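Across the two complexes that follow, chain A remains constant while its partner is chain B and subsequently chain C.
Here is the complex of A and B:
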């Protein structure tokens, strides 16, 4: 799993690439911590190159959301493949995040 | 009997008849008594009168006769002055007869040859003509008239014999007219005391008849006079006078009464006798031969006669009889009058009753508000009417209450119906319940004894396990049905996340014992059949052991645990057995074993076994046959308890394994990529597409990571084995580990509708597994957790 962090416009953008499974989750968790500092910014999670996500990964996204929401930061997810979209749908995450 | 019917039908008639009877009895009794009294008085009076008359008559006759006797005696005293001289004798005679009207003829009979010039016998006589009254002289001495001297019973002879005055027997004067006569003669004595002549006076007896006729006490009396020689001196039948011998005649007739009276009269007795008709007819003394008569008789001693009066009784009693007739007539009139008056009056008095009767009939038809008639009096009828009115109001009130109660009852019945429908809907209704499955066939049936019952059964499949239960609440009806509903709800909610029968039963027990105010309990059998393997785990709480119907038929061995709801901390035991495919598990409640027929005999276990032996097909057929058998057995008797049966047939067909591959990993999440490789290879072998492969990867990863995290406590090392197996219809992954018992299926479902703030971090894994896989199944076998994930192909 490889993550890339960028600031674009006023957004904090993170690119995910590869498989976000349970083994990769701890490391990714660390890397995502930079997004927690999102006061006044929106967050964009780019999943174009995300091949796979399991519950550990979903948990990370949820944790981020729980932090961002009180800070009035939107969390956008982009580039989600149909298969992964289904996974989000199965877990009800499609209601939690905004998709672009 | 008809008479009594008439009596019973009318108060007026009955009262009238009673009064009539009473009056009749009183009047008759009183009247009779009085009439008798009067008869007695009359009788006595008659008796007195008769006696008086008798005495009077006798005295009168005696007077007349004694007059003659005295005259002749007196003449005899002076006779020697006249009679001794021939010329002066007739002068004496003339004076004697002239002065005595009663003397019909006077004769002086000289003894023979007293006056020789007149021949041997000289008897001058003077006769009074009965018609003209002229006196005629005659001489009846002489040879041709010597009868006076010579007849044996002549005066001459007797007077000479007796030497004193002598009344002879009455005789008929045959010389001139036929007259009854009697003669009195007295001897004349000369200076020497020798009888030289007899002075004889004849007396016409017609006056006797007249006297006694006049002297009779009553007009209708009859009189007879009997002389000493049993000849009648006078008699109502003129022909009998001086013609028949009374006593001989009496003896001829052989009538004892006739003979008796005649004898007594001849004996100169005084007396009275009441004689019946026989004698009367014979004696010609009465005209009406049917009536009795009273006979009074007494002697006239001077002439030795006996006088007899007869008085017909019916004449005596004419007065009282008339009185009796009058009284009877009056009684009759009185009775008729009473009958009419009473009848009319009573009927009139009872007319209000008739009105009341009509009103009552109207009320009886259902018109409770009919107005009863007004009754002006304050008597019994009025009271009856008032009571009836009260009854009418009460009746109307009761009918209204009854209507309300009936409506209430109807609503209760309809509510019970609804409750029954609700209860029935709690049971699994559709059969077959799992048509898409080929490993299980189930049929269940519940017939409550009342509208709602206390038996329950339930089953559902979760994670490839059939969770089923059957139970019996203590009691019947609404209370039992409420407990039944609670028990079922508990079973469902607890076994949604608990697969161990003993824990399921314990939880139910705990929950029920807590709020058990009514001390109701439930016998319960909970079973969990692992459908892939046929492994049956079960816990029994006081329920009847189910039948296992396979190649053999036997009861499932069950531990004797307490029914649920009694002791909150009872430790329930779990038991296990293996069910071979095609076996039927047959569960039932005691409504089956204890089904009663009219003789109160029970259906019993043996019959169940017998039927189970004969039926070897489907659960539905088994239960239908059992039901039919019970119905036949019970017959007319009422269903005594709820009848519940559940039959579960394990029909799993073992399919051939097409593909098999496995991998063992240590419990380290970093091994996940290796797991992914494994899954990819399996999917490739199965020719799955990318999407399916990814999903499978996800499911397997989640399941395995769960096991790694929870089956092995932190820090421990252990292995997790993943085996993939496919047959014609499905692909399964079996994840085994030898960690602590950990059942991922026992976790509560995640609520995916919560908001971000509300969502919990955990629980996603299993949720995804469930979403992706067709079934998830957990078993603890020996010391290993076995988690099976299946996907249909």
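Here is the complex of A and C:
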């Protein structure tokens, strides 16, 4: 699992690549902490190269959402494959995030 | 550049030396007020606070410097303005202020009561206060309390400058009067509306609690009250048990347009919708989740599956399923593939055997 962080057009963007499973979650959790300093900037989670997301991965996204909302930052998820989008749908999480 | 008298210069020097104390007091009162209003559940439009600028004080001293014997006679060096949404809350906030601080009644004024029948203008409550104790209790500060509409009136009045040297012709004064009257009326009506809405909510809550759901039309307020009964909790727990999942809290209000689209008109209709479709919603969720190890679910999951199961049982089309997802997720091209996946899942479920893929 690999993440890359960039600031693009005033947005905080993180690219995810590989499998975000239970084994990868602790390291990814640390890497995502940089997004917690969002302070009103929008966050984009680019999942174009994400192959798999487990419950642990969903929890990381939800934790980020909990931090970002009070700071008036939007969390956008982009590039989700149909399979991964279905994971969000069947767990009822699609309407918590904004998809691009 | 202001020309100050020697006495004015002395006051100005005292002011400069006192700025750190003024700033401290200003921040302290702001924090106190913010906290107390929050604790009392009073929603405010804003609390503004400022220490009078040197430029503004110089203007004041130049105009009427002789009036002030000491700096303490100038009561608005520290000023705060509490802007409420409703006119009822002005009095409520004033009562709270009265308990928090020592109010100098001789110098405080309720400008709302000063209006003559023929006058125009629309003013607020001005209190001159002091802290009850502590090192800053010697400094007076001014507290203005007004509604958002009074605030808007005051800002526009200031911008137009009708209080300036030029006396306005009667036709314009009349225009001001009409507007002031209209705003006062609007303030009163907003307060009345709030009271009416509160009464309505109480009635709805009473009907919901007593189980008279057929008497309650489906609306934003009534649905919110209904949700307090946790009508989907049992279904959510059943679904969560599939993978021993944790249920993550979420708002269910986004489902209201879908329920209205299903022509559910009362909370009784919603309850029957739940009772009639809960088993099938569970089966639909089971068919999706059992083959995964997903152990975190949103609180939406029960109601979402209820809606999908309902559409499927009605012989629902792909478009109807897309409609559900569009309402929940916003319009997105991928909602079509979600709909296709549901139709595929549903093909193996007995309750949905009437489904026709378009």
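Keep this in mind: the second predicted complex is superposed on the first by the 100 of 100 C-alpha atoms of A that agree within 3 Å, B and C clash if a C-alpha of one lies under 4 Å from a C-alpha of the other, contacts with A are read in each partner's own complex, and residues count from 1 in each chain.
Here is the rule we go by: a residue touches a chain if its C-beta (ideal position, glycine included) is under 8 Å from a C-beta of that chain, and two chains touch if they have at least 3 such contacts.
Small disclaimer: the values here were computed from a predicted structure and weren't measured.
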Applying the document's definition of touch, where does A:37 land relative to chain B and chain C: first, second, both, or neither? neither
So, A:52: does it touch chain B (first), chain C (second), both, or neither? first
Scan A:63 for contacts with chain B and chain C and give back first, second, both or neither. first
Between chain B and chain C, the one with more contact residues on chain A is chain B
With both complexes superposed on chain A, which partner does A:96 reach: first (chain B), second (chain C), both or neither? both
Touch check for A:87: first (chain B), second (chain C), both, or neither? both
Report for A:19: first if it touches chain B alone, second if chain C alone, otherwise both or neither. first
Return the residues of chain A at which the contacts from chain B and from chain C coincide. 54-55, 58-59, 62, 82, 86-87, 90-92, 95-96
Which residues of chain C touch chain A once you look at their complex with the stated criterion? 245, 248, 250, 254, 285, 288-289, 292-301, 304, 325, 328-330, 332, 334, 337-338, 341
Tell me, which parts of chain A touch chain B in their complex? 19, 21-23, 51-52, 54-56, 58-59, 62-63, 65-66, 69, 82-83, 86-87, 90-92, 95-96
Per the contact definition, I'd like the list of chain B residues that touch chain A in the complex. 669-673, 676, 690-691, 694-695, 697-698, 701-702, 705, 750, 752-757, 759, 761, 764-765, 767-768, 771-772
Report the residues of chain A in contact with chain C in the complex, numbered from low to high. 54-55, 58-59, 62, 80, 82, 85-87, 89-96, 98-99
